[in-house]
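Look at the two complexes coming up: chain A is in both, with chain B in one and chain C in the other.
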Partner chain A sequence: MLEWANIIAIVMMTLSLLMNMWRMAAGPRTLDRVVALDTMYINAIALIILFEIYLDSVLYFEAALLIAMMGFVGTVALSKYFLRGDIIE
Partner chain B sequence: MTMLLIVLLPFLAIGPVWFAARFSRNASFYVAATTTGLGLGLLASLVPEVMAGNVFVDSWPWIERIGLNIAFRMDGLAMLFCILILGIGLMVVIYAKFYLTEDDPIGPFYAMLMTFMGAMLGVVTSENLLLLAMFWELTSISSFLLIGYWRHLPAARQGARLALMITGSGGLFLLAGVLLLQEITGSLELSVVLASGPQILDHDLYWAALICVLMGAFTKSAQFPFHFWLPNAMTAPTPVSAYLHSATMVKAGVFLLARLHPAMSGSPEWFFLVTGAGLTTLAFAAYVALFKHDLKGLLAYSTISHLGIITACLGMSTKWATIAAVFHIMNHAAFKASLFMSAGIVDHECGTRDARLLSGLRHSMPITFGLATLGALAMGGAPFFNGFLSKEMFFKEAYTLSQAHPYWPDAEYWAWIFPVVATVGGLFSVAYSVRFIHDVFFGPEAHDLPKHPHDPPFGMWLPVAILVAVCVVVGVVPMYTAESFLYATASPVTGYDMPEALHLHWWHGLVPELYMTLVAIAAGIGVYTQWKKIAAIGDKLPTIVGKDFFESFIEMLIEGARALDRLVDNQSLQRYMAYTISFATLAGFMAYIEEGWQSGTGVQTPASLVSLVPVILLIAGAFMTDFFQRKRLVSLIFMSVVGLIVSLMFIYFSAPDLGLTQISVEVVTVLLLLLALFVLPQWNPVESGWLRRSRDILVAASAGIGVGALAWGVMTRQQQTIADYYLAESLPKGGGTNVVNVILVDFRGFDTMGEVSVLALASVGIIVMLTGKKPLYPNQVMPFPEERFPLMLTSVTRVLVPTALLVAFYIFMRGHNLPGGGFIAGLVAVVALAMQFVASGLDWTKGRFKLDLVRLSAIGVLLAVGTGLAAFVWGRPFLTSGMLHLHPPGIGEVHIASAMAFDTGVFLVVVGSLVLIIRRLSRYQQTMEVQDKAGGNE
Partner chain C sequence: MAFWLEIVVSFFLVAGAAFALIGSWGLVKLDDFYMRLHGPTKATTLGLGGILLASALYFNFNPDVAGVSIHEVLITIFLFITAPVSAHMMAKTALQKHFDYVGGQQDPLNHPRNVHTIQEHDLSGMDESQIPDGDEEE
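Now for the complex of A and B:
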């Protein structure tokens, strides 16, 4: 049962990645692209954890952790760039 | 051992001599004089043995593979030259002390003189030809330094450069010649080379070797047409001219000819080339010397002329000619050095060296007059002086050549050239010698000289007196003084093929050479009386100045090189990338065309839908990075996507460490690029037309396809990878289960050490590069007028940063056994700190984060290197790691590998360098901004 749920979830996450990519390519404003990037980061976290469950391993958790943190920082930096231009003042 | 000491002693004295100058000029002088004296003493201990005919060879191996050994040989010829170098060196050291004024720094002078002395001693005592070539170059360099001693004079600098260029190129030829000789004889040792004479002469490469060696000798000894550097070297101080350019350095060329004489002479090529060059030089230089107004110029050309005599004698290669050559080496050194010193005395006391201004000095400078006259008589070849004896021998050989010779059985008309040219040379020799004395010392007393002439202090004319005394004594009683010495010194040059007995008399009867001498003397005096008229005629003829020729030649070379450069290089980065990639792709495709391309037979992992999607995303992301490349920010965003997908793919392929590193580096890159993007234009204009872009796309695409095909081919082939070794050995040898980390800090720790050093250096370099730089258009880099530090961001960061740092520490600690490690931990810490900068600003953070980051990086590098060096303490090779098994209470068993210290070093370097870079970059545009506000604290 868990396996099926896992596989369906992975497929759904993959599709959402594709949709994010579409938004990034199509988004008229740059801000749309940034939000799409952030969503991709979050989807990646989910995908890694689901993949870990699928493989029954414990090694990839920190990767998800790191992507979470790094993704946040990346988005913050881009947002600050939009806000002020000068990200570190 | 003694020979090594003799050569080493002057080099060891360089430091003391220079240092002693701090105390007093005399101190420096005493050190120099003592060193030379010591050298003479050491030499004296060897003299009796060498005079008896023994040859000493000492040898120590150095670089065996190329045949270079530290080997010295002391035989008669080497002994003669050592006496010249050390003896005349001592004279020059004494003379220089009085000659140099208070303004001339004496420490460097003596230091350079010692360098030269040691190098010259090395040249003459070298047993290994490659060692000889090395010392040869050293003499060129030290001569360059000494000629340019008075750096403030442009003429001195030019003269030094010219000398270095000519003698340096000669040195290169010499090196080639030495290597050719090694090719022919199979060895670089003189003992072998000198014994292989017939073998060398028969070899096909003889011509080449001969030309190269002769080029070396002729450039050094200023033979025609390479003579023009010597008169320009007269800008050196007179002690230097007396030492280098009369007695020792220019003799290095003829020394080489004499040294290699048993090996390379005896062929028609040697005869014609060497004798021809020698005779040409002899006549030409003697002629020019007569018309020189500068006393030192006159003496310079005279030196060239006398070296021509020596060269011609060595060219003639008969026994007596060779003996004459060696004899003239001795004699010429003695009288020429004394004459240079006399000219220097005149210059020193009168303030000028111009013979047109000087006259009648015999009254005011009697001692100088006497000594100079004696020297000049020796130079001209007057009877009862040493110059006469060797010149007579030279004339005799020249005459004998005209009568019969192995290279032409019947003496044809043009064989008379030899004695005729010799006599003409002798004629002008007499003429300029007479001019030297008559113009300067005779005639009415000059009253408009810069200084008031008087005799110099004792120490200044003593060396001259000693040398002149040698000339006179050898000239008057050669049979008691010079015979056995000459026998011993000339033996090696003739290949130990000496005549039975060597009798030096100054009267041989009414023989042809005596007539030649008389003709020379008479005609010489006659020419002198008429010289002004001849000079007037000569002035009307066009002058060929060798130096100008040479300089225009060099100009032509430089212009040609620049033209070629302009043709090929238009400084366009795009062009070079296009060239490089095109050629690389072409080369790769050539291989495909020749060998064909096949896919391998490896097992291919099936691709599910889930794994295909990231690939599609990757391709799309990369494509759009290019597509949007003119809008730089958008391009950056798509680059982040690419980084993220690559990280995911690493994780998919079971490489968590790589995934972690990839994502961390990605974000740090984004941070740095955003910092840079703020001060750059946000959009690119269209820069190239359709055609060029199509070409670029074609090049890039074909390169990508080629590399992709290559990667496919490699990956589909079964192979034994190195992974098996590391997987097996990681735990037992490295003490950790995380193979990637163990490889980084243990197995391949040396690489990592280099990389962290580079990172630290790069960060320091960035700081240095940005020092004092401001944006060009500061008004365009003002921040937007939104809120500086949004509250939400600041609050979240308060919590995030410590947590992130904790995570960094955790990842660091577990790195050796689970995915993690120093580098990833460092990057996480950098990102956390950067977040703090972003959220609260530089000032706020600087107030609370007071670490000296440069020191941090330095400590990191030291830790990394120190961990490696610590292995030495236990007697192991560099970077061997050890394990520590601890049992702290409450925690249980803890294994710590020494690689942890290394990893700490890596961590510190990463944190230090990257935070430094981020901070410096963010400060770059702030200088203008802060100045607008009150009290900028930048």
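Now for the complex of A and C:
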């Protein structure tokens, strides 16, 4: 049962990543694309963790943690750049 | 692996993935920027929290995997701290850029209720120094 639940969850996360990619391609403004990128890294962390449960190993936790930290820094830097025209003043 | 634990882990996996899917569908469907900011920052973060909870239950109660794994707790704490901060930064940028929104004007001071209040307010009895000029916040 866990395998089937895992496969269903992987399919749902893939669908949500595809929807984020559509918003990233069709967003009317640049900040919509930033929001889509923010959602995409959160969904990528979820997909990595589902893949870990599927493989039954704990190898990829560091990758998920690094994606979380770097995604946050990237989102804040992009928002700051579009807010003021400069990242560090 | 116990059957009840399998049921709990499967429930949290599917529920978390459903929350993330609903959040991403809101990102596609909703109309303006401020509405679209709600879907990813709340629903998707909650969905990832559910998936991380399922992963923590699976790897801590599994007799095949040795030891206690606290990585999921680390990711959960970090993500639940940083997601509101990044959402606040994006909302602040959108407010600064005066993004228009559905059912309203760009400038909230031009709302009919505020315009009505300003017109009804009688300033004739006050001298110049008592009239607020709106720069007091700086």
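Annotations
Heads up, the rule we're going with is that the second predicted complex is superposed on the first by the 89 of 89 C-alpha atoms of A that agree within 3 Å, B and C clash if a C-alpha of one lies under 4 Å from a C-alpha of the other, contacts with A are read in each partner's own complex, and residues count from 1 in each chain.
The working rule: a residue touches a chain if its C-beta (ideal position, glycine included) is under 8 Å from a C-beta of that chain, and two chains touch if they have at least 3 such contacts.
Just so it is clear, the model here is predicted, and its values are computed rather than measured.
Contacts of A:59 after superposition: chain B is touched, whereas chain C is not reached.
Shared-chain residue A:12: touches chain C; no touch with chain B.
Of the two partner chains, chain B is the only one that A:70 touches; chain C does not reach it. In the overlay built on the shared chain, the residue A:51 is in contact with chain B alone; chain C does not reach it. Of the two partner chains placed by superposition, only chain C is touched by A:32; chain B is not. In the superposed model, A:83 makes contact with both chain B and chain C.
Comparing the two interfaces of chain A, the one with chain B and the one with chain C have residues 10, 15, 17, 34, 62, 65, 69, 72, 76, 80, 83 in common.
Contact residues on chain B toward chain A in their complex (touch as defined above): 609-610, 613-614, 616-617, 620-621, 624, 631, 633-634, 637-638, 640-641, 644, 647-648, 651-652, 656, 659-660, 663-664, 666-667, 670-671, 674-675, 677-678, 781-784, 786-790, 793, 800, 804, 807, 811, 818-820, 824, 828, 831, 834-835, 837-839, 841-842, 918-919, 922, 925-926.
Chain A makes touch with chain C in their complex at residues 1-2, 4-6, 8-10, 12-13, 15-17, 19-20, 22-23, 29, 31-32, 34-36, 38-39, 42-43, 45-46, 49-50, 52-53, 56, 58, 61-62, 64-65, 68-69, 72, 75-76, 79-80, 82-83. Contact residues of chain C toward chain A in the complex are 1, 6-7, 9-11, 13-14, 16-18, 20-21, 23-25, 27-28, 33, 36-37, 39-41, 44-45, 47-48, 51-52, 54-55, 58-59, 62, 64-65, 69, 71-72, 74-75, 78-79, 82-83, 85-86, 89-90, 92-94, 96-97, 99. Residue ranges of chain A in contact with chain B, taken from their complex: 10-11, 14-15, 17-18, 21, 24-25, 30, 33-34, 37, 40-41, 44, 47-48, 51, 59-60, 62-63, 65-67, 69-74, 76-78, 80-81, 83-89.
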